[in-house]
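Both complexes below contain chain A, partnered by chain B and then by chain C.
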Partner chain A sequence: MAAKPKQDLSTASQWRLMAIKFRKHRPAVWAGMLVLCLYGIAAFCEFLAPHTQQYRDIDKAYAPPQVVRFISSDGIHLRPFVYGLEGFRDPQTHRKVYVEDREARHVIRFFVRGEPYRLWGVIPWDRHLFGLEGDATVHLLGTDSLGRDMLSRIFYGTRISLTIGLIGVGLTFVLGLVIGAISGFFSGWVDNIIQRLIEVIMSFPNIPLWMALAAALPTTWTPLQVYLGITVVLSLVSWTGLARQVRGKILSLREEDFATAATLCGAGPARVMFRHLLPSFSSHIIVSLTLALPTMILAETALSFLGLGLRPPVTSWGVLLIEAQNVQALASHPWLLSPVVFVVITVLAFNFVGDGLRDAADPYSK
Partner chain B sequence: MSGTTNEPLLRVRDLRKHFPIRKGFFQSEVGRVKAVDGVTFDLAEGECFGLVGESGSGKTTVGRLILRALDPTSGGIQFRVGRQWHDVAAAGPEQLKSLRRPMQMIFQDPYASLNPRMTVFDLVGEPLLLHGMKNRAERADRVRELLNQVGLDPRHLQRYPHAFSGGQRQRIGIARALALNPSLIVADEAVSALDVSVQAQVLNLLRDLQEKRRLTYLFIAHDLSVVRHISDRVGVMYVGQLVELTEVDRIYRRPRHPYTEALLSAVPVPDPRLRKQRVVLRGETADPSNPPPGCPFHPRCPYAEERCGKEIPQWREVEPGHFARCHFADTLELSSQPGGPVRNHSPVSA
Partner chain C sequence: MFALILRRILWAVPTLFIISIVSFVIIQLPPGDYLTSLIAAMEEAGERVTAEDIAALRARYNLDDPMFVQYLKWIGGFFRGDMGMSFEWNQPVTELIGERIFLTMLISLLTLLFTWVMAIAIGIYSAARQYSFGDYFFTFCGFIGLATPNFLLALIFMYVGYEWFGVISGGIFSEQYQDADWSWGRAWDLAKHIWIPVVIVGTSGTASLIRVMRGNLLDELRKQYVVTARAKGLRYWKLLIKYPVRVAINPLVSTVGWLLPSIVSGEIIVSVVLGLPTTGPLLLQALLNQDMFLAGGMIMMLSLLTVMGTLLSDLLLLWLDPRIRYEGGNK
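Here is the complex of A and B:
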């Protein structure tokens, strides 16, 4: 058995074939990297964010985004820098107006010492990926009404929004798989009841159902409890689709020759289920979970935006967007909408990855 | 003609399988599809019994019932292991597992019957593993030996089914069926999905294996020329019932049921100059949920008389060893010519 590439393929497992095919799907690969980057942000947001969550500077409220520059009146600089911001009140409108202070050139430094924090709430550290020397501050995406750094808050929000998607999808997965498998395997009246229940759940309009369930969460709960409560709410509504897919797959695969063959070889029902049936559609489950993640993230964003999901001081993308509800604030401070960009990018990236996986999952498609 | 005098290996008595038709919210039964409706035959040890009929005639269901891949509605299936007779139809899960050791199946579709997620080693080795051969190295040796026997390269142990052609996949299926040293093999349209040239190879393989291992085949097919090539006896099924059963030469010499005549005349003849006068059947196969009164074949039968629409013909022995289900089995002079009654054709012994 020489290690010729052709022979490699014939002994390649389904997962390897899938990986090979996925790699040919360029947009999906790029989107996959993007998703990994986003989860990187979620994992290391304390380090990547220039400020901590507690940071606020009321004198810098509604400061516009600062532009990273390489060129000043002195010529080209090798190190990026920002100009300081000088804030004053407009005597006519009493609004705070910021102008760049061309004299104050602050070089952006990397791995700079800054506000102390605890990485993952445990490891004490004070290094940040980037920041300015001394007391000067940098706000690449501006600040909000309390002078909090938008970029830092978005990074912290990434952690919440992306993990809520993961945990929610995990719960959905368990619910959908178990209920769907029961429905498909036992069929008969069990199947009938479960399917009618799914129809009822599916026929509820999403937002009012979320609202009702979210309103049932006690107001006395801690932010962590609310966070878990919201994931449960989201997955209670969204398991139905997966349950149907699993049921359908099991119903059809049960009749496949290879399932019969396994039974005739002496395999019991459990072995047929877990060794033969489940592996043959695990790739489909992964695909539908990948496509369910963005829906979950969008749902959290929508709920929090409506004030029914997570509540401050917890930071998620949806919570950040609450500030963007005020049209006047939005008109004069458009950077408050920047979390939307992250939401859109995340959802698109997940969809591309899901598409790529779906194409790769079917070994016989062209 | 080897097998017919031997002691039977399998006895099927009045086997029935009715599938309920359920409708509506409460899934109430509104009818029954009589897929198999009173089938009786014996399989002699070492013979190859061909079961033919068009799609929907219930031949596949008979095969699956014998292996209890489906549970019969009623009827008896007795299987002999050594000198001991076992009641397959009434066997519980434990007994069934041990009974499936000497009875195995080869499937029609070599693509659907092999789990695409498992290597050849896992596929062919699974019955061994499930029947107690836990040692991996021992299993690998046995699988290599089996692959050798079915004409596959034993080095391809770790390959997945996607790396094989249809004929090769069917050989994997055969190796899997042989793994437990069965005495009976139900070959359900084992070659129908293959190219004609590959069909011949697989048929020859099946015959060689039969000689070497004294296998008994229940060979289910819709192609009479294939059945003639491999079978000792033939049973013809129509809408869940056997309509004719006899030795293969006799059926090719003088069929006793008009449906058999029609089937024989539908066998393609590879001769473009031949003018065909096929017995073309009118109408559709009878609906097994609502079969016509009298003989189920009478609406399509070219020889039907009034009696056929009223009286159900009995299953009877027209001459010794030749059974038919037709009122006029004794008097009808039926042709056995492929392509229709045109030229003299001497039957070749199969």
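Here is the complex of A and C:
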């Protein structure tokens, strides 16, 4: 058995070699699992979130995060629990203050029945991953100004923020690939014009351009239209980098023997390009797309945060952060910043995966 | 050499032309125009708006001319230093954005400087002391800095400032200098506060440049000539600064072209969060209110200055690195 892997290695395909190398890069593997988890949250947010998107309880506005405990005055418990929160108005400041009610011990139950929802908008169900029995509510990351559960909203936001990045990158991919390939393959004046255009777009500061384009989306659009509009806006500005890379690769590969051979065999330009040239640097493209994803997610967050991107009732991380714009509100309710943690973790994870993929795709790296 | 510089400058002309068209298209994009909402607001306030009033207003802002005439009038005004009137403020755009553009550019240039100094210094340290505690520490900080977008950093900064020091948003002027005319006192006041946005905007750029600098220098340090110089008894730091660092810095210089646009971008969004009197908040407001001359003028000016900055850095690189000079000259 011991000798077998070595034998495999000499005959393994390029993708297999990449997978083997990637697995050796520990941080990248962990980050990859983290990314999968995040997409898991995005896929099953209705089930994972303890509350639905419609849930609000104005009596519990700005409730602080509840701490999951195992130890009470009675000793150690095997099942995690939270204490109930009791809110009252401070007679001096008229601000709402919450104190833990040590008498009310609520055990956290799993696969509990709760508010009914439709999974992916289709399958009706009422089970949630965790929750409390009866009427008691749990807010692990606190609530916002309308008494909505932060954790649930972040989970729903994950779906929007992560998919917008994915669709945006998809569009960028198509634009960058097609334009870059045309530019590289035909060269001459076509190439010249495309290169000048790319230079112009790159010399614009991104954010003002994004802001202006996003502001042009009609206010009468439905949330879905705005969502798609934002992805188009994001990719309209960001295809240039990929197009440049593709062009560079095509320019150098075009002169290789296998490309000439394909042309001599009677393959047309489109076939040579997409059947022969592109596959030889597809790993390269995957790497740059992985690294482009976090940029997209950040751009959407920034735009929504400024009020130019997605608008409530759609929930994305950027939309959630709108509430954190007010310093006073932020100072007394710091848990409003919790979406930041998710944004940073996501971006870090994608960067690590991208780094790992880059090392794995490079045949000369050790 | 001279011909090469001239060619670079000439290339900027079509670029600027396309930028002006894009800026103009952008301000035409929103459906409806500011006038429609202005008239609606006037009617709501109980004013009677007659057809003549509307026609007079439309004529004043050239709204009835064909597109390209509007463009020509707009771009023609630029050369005379006239960018049209802001609908919302009822003031010339030039007056509104003058000082703000200056502050945006000042912050951006200082950020560029900060980014460079930090990145080079830390990059050299990290490479020279590879796998030391400091190296790991800076690498970790770099990753965090890379992952935290600067507007979130600004938010966190504001929170910390308010919570620990009781300051509501820095701003870049003290209260007494807020609307004052320029004086030495005001300039000194600016100098005392400007480091806050500079550090916030510069963090993510610094983080990525540190990685580049460290990588380049490590590659360089493994080369034969370093070993030879060491074997001949040259002191480590003297050798380091004299040869490998100079080679490793070059790729960094050539990144100015894309660094500047991203810094300007960062400045815009950070100043919205911190409420700084630069172009950011004004641009956001103008876009939200469809104040098209103001928004268009600002986007045009920002892009124009960015292109100029990039051009200057290209020329600088040409002067710094003889290899590019010869390559370009042979063509």
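Here is the rule we go by: the second predicted complex is superposed on the first by the 347 of 366 C-alpha atoms of A that agree within 3 Å, B and C clash if a C-alpha of one lies under 4 Å from a C-alpha of the other, contacts with A are read in each partner's own complex, and residues count from 1 in each chain.
One rule holds for everything that comes next: a residue touches a chain if its C-beta (ideal position, glycine included) is under 8 Å from a C-beta of that chain, and two chains touch if they have at least 3 such contacts.
Since this is a predicted model, take the numbers as computed values, not measurements.
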Name the contact category of A:Leu175: first (chain B only), second (chain C only), both, or neither. neither
Applying the document's definition of touch, where does A:Asn192 land relative to chain B and chain C: first, second, both, or neither? first
Chain A residues touched by each partner, larger count belonging to chain B or chain C: C
What is the contact status of A:Leu337 with respect to chain B (first) and chain C (second): first, second, both, or neither? second
Scan A:Thr260 for contacts with chain B and chain C and give back first, second, both or neither. first
So, A:Val232: does it touch chain B (first), chain C (second), both, or neither? neither
With the two structures laid over each other on chain A, which partner does A:Pro279 touch: chain B (first), chain C (second), both, or neither? first
For A:Leu129, decide between first (touching chain B), second (touching chain C), both and neither. neither
Pick out the shared contact residues on chain A: the ones touching chain B in one complex and chain C in the other. none
The residues of chain B that touch chain A in their complex are 25, 27, 64, 67, 69, 93, 97, 100-101, 104-105, 107-109, 112-117, 119, 126-127, 130-131, 155-156, 158-160, 162-163, 173, 176, 179
Name, in rising order, each residue of chain A that touches chain B in their complex. 1, 9-14, 17, 188-189, 192, 256-258, 260-268, 271, 276, 279-280, 363
Touching residues on chain C, where the partner in the complex is chain A: 14-15, 18-19, 22, 26-27, 29-31, 143-144, 146-149, 151-152, 155-156, 158-159, 162-163, 168-169, 257-258, 261-262, 264-266, 268-269, 272-273, 283-284, 287-288, 290, 295, 298-299, 302-303, 306-307, 310
Where on chain A is chain C touching in the complex? 196-197, 199-200, 202-209, 211-213, 215-216, 218, 294, 298, 301-302, 305-308, 321, 324-325, 327-328, 330-331, 334, 337, 340, 343-345, 347-348, 351
